[in-house]
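In what comes next, chain A is part of two complexes: it sits with chain B in the first one and with chain C in the second one.
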Partner chain A sequence: MSGTVLTRPATTVAGRPPSRRRRSSARARRRALPWVLLAPALLVIGVLLLYPLIRVFLLSLQDYGLRNVVSGQSNYIGLGNYAEIFTDAYLWQVALPNTAVFAVATVGGTVVFGTLVALLLRTLGPVARTVVVSCIMVAWAMPAVTGTYVWIWIFDVDRGIVREALTAAGVLGPDGFNWFTERLTFYAIATLNVVHHGFPFVAVTVLAGLLTVPRELYEAAALDGANAWQRFWHVTVPTLRPVFAVVTILSTIWDFKVFAQVYLMPGGAGSNVDVLNLGVWSYVRSFGRQEYGMGSAIAVVLTLMLLAITVVYLRSLFRDEELS
Partner chain B sequence: MSRSALGKGAAVAGVLAFTLFPAYFMLMSAFSEGGATGTGALLPTSFTLEHFRYVLVEAGFLTYLRNSLIVALITVAGSSLVALLAAVAVARFRFRLRTTVLIMVLVVQMVPLEALVIPLFLQVRDLQMLNTLIGLSIVYIALALPFAVWMLRGFVAAVPKEVEEAAYIDGASWPRMFWSVLLPLVAPGLVATAIFSFITAWNEFILAMTFMNQGDKYTVAVGLRQFFGQYTTDWPSVMAASTIITLPVMVFFLFVQRGLVSGLVQGAVKG
Partner chain C sequence: MARTHVLPVAALVATLSLVATSCGGGEGGGEGATLDVWIMEGTNPDATAYFDEVAAQFTEQTGAEVNVEFVPWADAHEKFVTAMAGGTMPDVAEVGTTWTPEFADAGGLIDLTERAGDTAAYSEGLVEAGTVDGQLYGLPWYAGVRSVVYRTDVFEELDLEEPTTWEELRETAITIAEERDDITAFPVPGDAEYSLMPFVWGAGGEIAVEEGGTWTSGIDSAEAREGISFYTDLALEDGVSSTGATTWKETDVQDNFISGDVAMAISGSWTPTAILEAAPDLEGKIDAFPIPGPEGGYSPSFLGGSHLAMFNGTEDEDLAWEYIQLLTNEDNAARWSEETTYFPGKQDQITPYTESDDPLVQPFALQMAESGKGVPATQNYGKVQGEMVLQTMVQAILNGDASVEEATATAAEDIESILNEGS
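Then we have the complex of A and B:
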């Protein structure tokens, strides 16, 4: 490659006079051009996403506290943090179940409810469908932070609408009930929040898939005497398998790393140790207790779990399609 | 017929009620005079703008709005430019490691922010850029970039190659072709991508909370927390502020939803 490699395209003068060297240098430039175009993106991703990933792994091998932050000195202890995490009952009894069971519940809820809504949307006329899709977009567009605050307010222990309704109905006594202190009710509210925010994506994606299934398939199945459930199970599901795979795995990835929806809830920022998930646990250890090495190790465990899911995702994405 | 139509109507009503209730409740709590209790917010009797006045004028939310806007605009400008160049590279050229680059772009999107926040905090701290809007913006550019590249790649690939070749035949150089032919054709995609970068920066919480610990540097997502007292919460103010944060996102979202859905489904459904 010649010196033109270093020439940025923006500085190349348009309509430069033709010369004998032009052909070969043009070819070299063309070969280098994609890398010149990619350079800024690769630099940003490398410095701000990949390097931190390496760094968080290195931090996870250290006993890194506030003193190290100030002095910048490293303090390697091998796999000590990991040994501590994996022998800690807190991981197995609290943080991991809170992460995994919550993810299963939210992904299940999101995909089932989203699919039901998509099936409903398909039966509507074009105008009604557009109106309903626009409305469910409102749930998707609600930022996680403000959406979470609205759900907390709905379930507010003293003056929330649920409390007032239950008291008026005589179900709840004057003392009320704090559903944020109990692990199960805490995560029930978080699940409601995440399903509400996540189902529009599933509904709209599955709807787009449903509209590509040829009507003839359903007609043929109906002629063969299949009822609605059989038509869904034997025609829709096999045809839309890739769509279901994508929405399920993407939802799993998103729901595994839920942070604000738990952190912002009462007690979710560390004061109620029963309700932390892996992400919040890592954050609280790092920034609450200044144990950056320990927090990093928890974060690495979370990242590896997500990476495993991502590999499954990429497999299902590329099984029948080459990147083009 | 009428019974199934009735059932369908009831199902649609149920879905809409569940979907819209939080947004309705947020608006009513913010605008109603009795918004400090659940019932007062659900069925308002009189409306007021007092909560908004308090939030914007007395609680300093204008500062947070300004901070968020600056950060989001820098993010949009930076990520759109960088992503467009990269998208052209992966959509228009065949080169070694191209698939590797694409897979990397996909994979980095899965990395949880909880893992990045610790090293990024140390990195930004070392550069003395904590509590600076530019420091936060630069990190947001990186966050918005992979998705922007992925989305723009589809838009660039959709431009027929013949259009480019025609420009070359007319004697245009590559930069000239890029500027006068490709750029206008992918402009709609660029707008959609820009809006997504804007929403990413506007909504982000964990990094903003970690990097910004001076009150005058808060972004809107972090600024909301100040209405929470130890024992009581000023819910009408929280809801008024939430309304202010949510509205631009909703407007943008309705604007780009079509492009988003088709872009996401592209990988899944093959027509």
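Then we have the complex of A and C:
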């Protein structure tokens, strides 16, 4: 930059207008500058994100097995993998419903519960708030793998806490019930796990938003005779719409691509075919059967679906001028 | 999204590590060369000392250095695959017997047929598992086999004997289940294929057999169905298993045995040591017996274990072979078996174990010598395992989602379609 600044006055001092070429080169340089500054970050993103993305897409167009991995030879088959996926009843009856219904349940659960916790936090004094925030942070900080094993332990079919409690309450007979083998109960446990792991983020973000809502709005609403629910629905929600949009989109992305929380549950790694979601299905196809092309195609479908959902979400949530 | 990237990222990491580590290779001849060796981790707690010593012997013998890297079993398969893709394979590696055909077929392993010569001295099951199209790719190193481990205190209390037929096994389990509410008599784990196999094989069934280049699954044969019915009925009819066991893996069986909640379980020859290490109070309270046959004798049990294999791309095959021979020689093999409680891969080296008076060694050695059996030796069997076809089948039966007939028919269809893929 400094070079440009120094040379310019020199030419004008000489009484001649700056040559067009020099001016345009300066402009080109100025235009290049942002890209130069962005280059390191773009390079990192390109290597770590773009290259793998493109590679996965190219793999998804191939019939690629262990032999290809070793020899490095490509084997393009066009859209064959996609045709196979979309004609496979498994996608429509098992993998997709498991992924989508589960995501709806967990996103709903996470956002609602997180918001409730945020509302609670707002009413607390500074000390109590610090204590509660610290506690919920523990849930957030816990790695997904650790958390999943804790939930499996809690729901241990023969000797878990839940089992013992239900047996003591007379709900369960002496044989118990294996909730890991049924699709609905399996995903109910997974939902608990994911909501428990995800709500602190929502709570903290929504709390930050809540603290920015001017008190006068609530006072005015109260004067107009609005009850608590109306104050929440007509004051808090519209004000915090951007915050809700962000946490909903992020939760959707996270919950759609849940992997460890399903894979690590009993039967979730493939032996119970009723409970696989798209992520685990992709993994089992890729690494279990070494059909890397097919696994990649499933991953691409999952990614495209997420992109589509995100776009729709963004459009509907920011339907007003907020987007433009 | 993370899932989307695993393979390429792994490939990238492999490529980067190639750049970083490819400076090691030897230039032929012993002196100054370094041999890269991968050994699986999780078999022996203090394997480092053992391999340091073997490395010292090797350096003395050839002048070459050995660089041993320990790879945990759980990550090993992926690590091998990415290494093959990135050209960062070791010179020599321990390879699980069920992986050898797969890696050999993919072109990752060197044919050892000529070097190994006559393989009659080795355990037959291990040789079979290491052979693809008549060529040997994995040299048998050590083996493990599953038998039944049980609690002697429970048996004594209820005045029970080690069962010698299936019917006796069933009655023994029923007695325990009826008398002891606090303990699972004989878990029927839904997520453990090797616990099922003795019952398929014992009844005379096969998982799959090849004839004229086509694989036919025998899992839906009358014999196999009889064995599978017996096995699953232990849980469904006789109630000697537990509800939770439907989704148990072998490790869950072991964990529950360790915590004292299981009376009898199909368990590997290497597990008594691990069980006693984790639960010292069970010392003197556990024993083992070979899995009985339906009418006496023994049911075949899966003979697992490890091969030593040479990877394509090794710079000095003779040097690599010398290391393999050193690891499998009399002294080293004996010491390895002693430390790991695995069995050596050579027939004559097993004899001392079958004659051993250690109650936690001899039953397993008998089972292995008399009735060790491998899974179908084809590169595609790994995919059957990857798809968990047998586990899915057992779970479906235990859940009540399918009858034995339905579940075995589905499994047979899946096995055949996977095994006959690409041939």
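We take it that the second predicted complex is superposed on the first by the 267 of 324 C-alpha atoms of A that agree within 3 Å, B and C clash if a C-alpha of one lies under 4 Å from a C-alpha of the other, contacts with A are read in each partner's own complex, and residues count from 1 in each chain.
Going forward, contacts are C-beta pairs under 8 Å (C-beta built on N, C-alpha and C of every residue); 3 or more make two chains touch, one makes a residue touch a chain.
Because the structure is a prediction, the values reported are computed rather than measured.
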| item | value |
| --- | --- |
| Touched partner set for A:Arg159, first chain B, second chain C, both or neither | both |
| First (chain B), second (chain C), both or neither touched by A:Ala141 | first |
| First (chain B), second (chain C), both or neither touched by A:Phe259 | both |
| Greater residue coverage of chain A in the superposed arrangement, chain B or chain C | B |
| Partner chain(s) touched by A:Val56 [first = chain B, second = chain C, both, neither] | both |
| Which superposed partner A:Ala190 touches (first chain B, second chain C, both, neither) | neither |
| First, second, both or neither for A:Arg67, with chain B first and chain C second | second |
| A:Asn272 touches, of chain B and chain C: first, second, both or neither? | second |
| Partner chain in contact with A:Val235 - chain B first, chain C second, else both or neither | neither |
| Partner chain in contact with A:Gly288 - chain B first, chain C second, else both or neither | second |
| Residues of chain A contacting chain B in one complex and chain C in the other | 47-49, 51-53, 55-56, 59, 69, 72, 156, 159, 253, 257, 259, 279, 282-283, 286-287, 292, 295-296, 299-300, 302-303, 306 |
| Chain C partner contacts - residues on chain A that touch it in the complex | 47-49, 51-53, 55-56, 59, 65-67, 69-72, 156-159, 175-178, 180-181, 253, 257, 259, 266-267, 269-273, 279, 282-284, 286-290, 292, 295-296, 299-300, 302-303, 306 |
| Parts of chain A lying in touch with chain B, wherever the complex brings them together | 9-10, 12-16, 30-31, 33-35, 37-38, 40-42, 44-45, 47-53, 55-56, 59, 69, 72, 117, 120, 123-124, 128, 132-147, 149-151, 153-154, 156, 159-165, 196, 200-201, 204-205, 208-209, 212, 240, 242-243, 245-247, 253, 256-257, 259-260, 263-264, 278-280, 282-283, 286-287, 292, 295-296, 299-300, 302-303, 306-307, 309-310, 313-314, 317, 320-321, 323-324 |
| For the chain C and chain A complex, residues of the former touching the latter | 1-9, 11-12, 77-78, 81, 84-85, 102-103, 105-108, 184, 190-191, 239, 242-249, 252, 256, 261, 382-383, 385-388, 391-392, 395, 398-399, 418, 422 |
| Residues of chain B that touch chain A when the two form their complex | 8, 11-12, 15-16, 18-20, 22-23, 25-26, 29, 36-39, 41-42, 81-83, 85-86, 88-90, 92-93, 95, 98-99, 101-108, 110-123, 125-126, 138-139, 141-142, 145-146, 149, 157, 171-176, 178, 202-203, 205-206, 210, 221, 224-225, 233, 235, 238-239, 242, 245-246, 249-250, 252-254, 257, 261-262, 264-265, 267-271 |
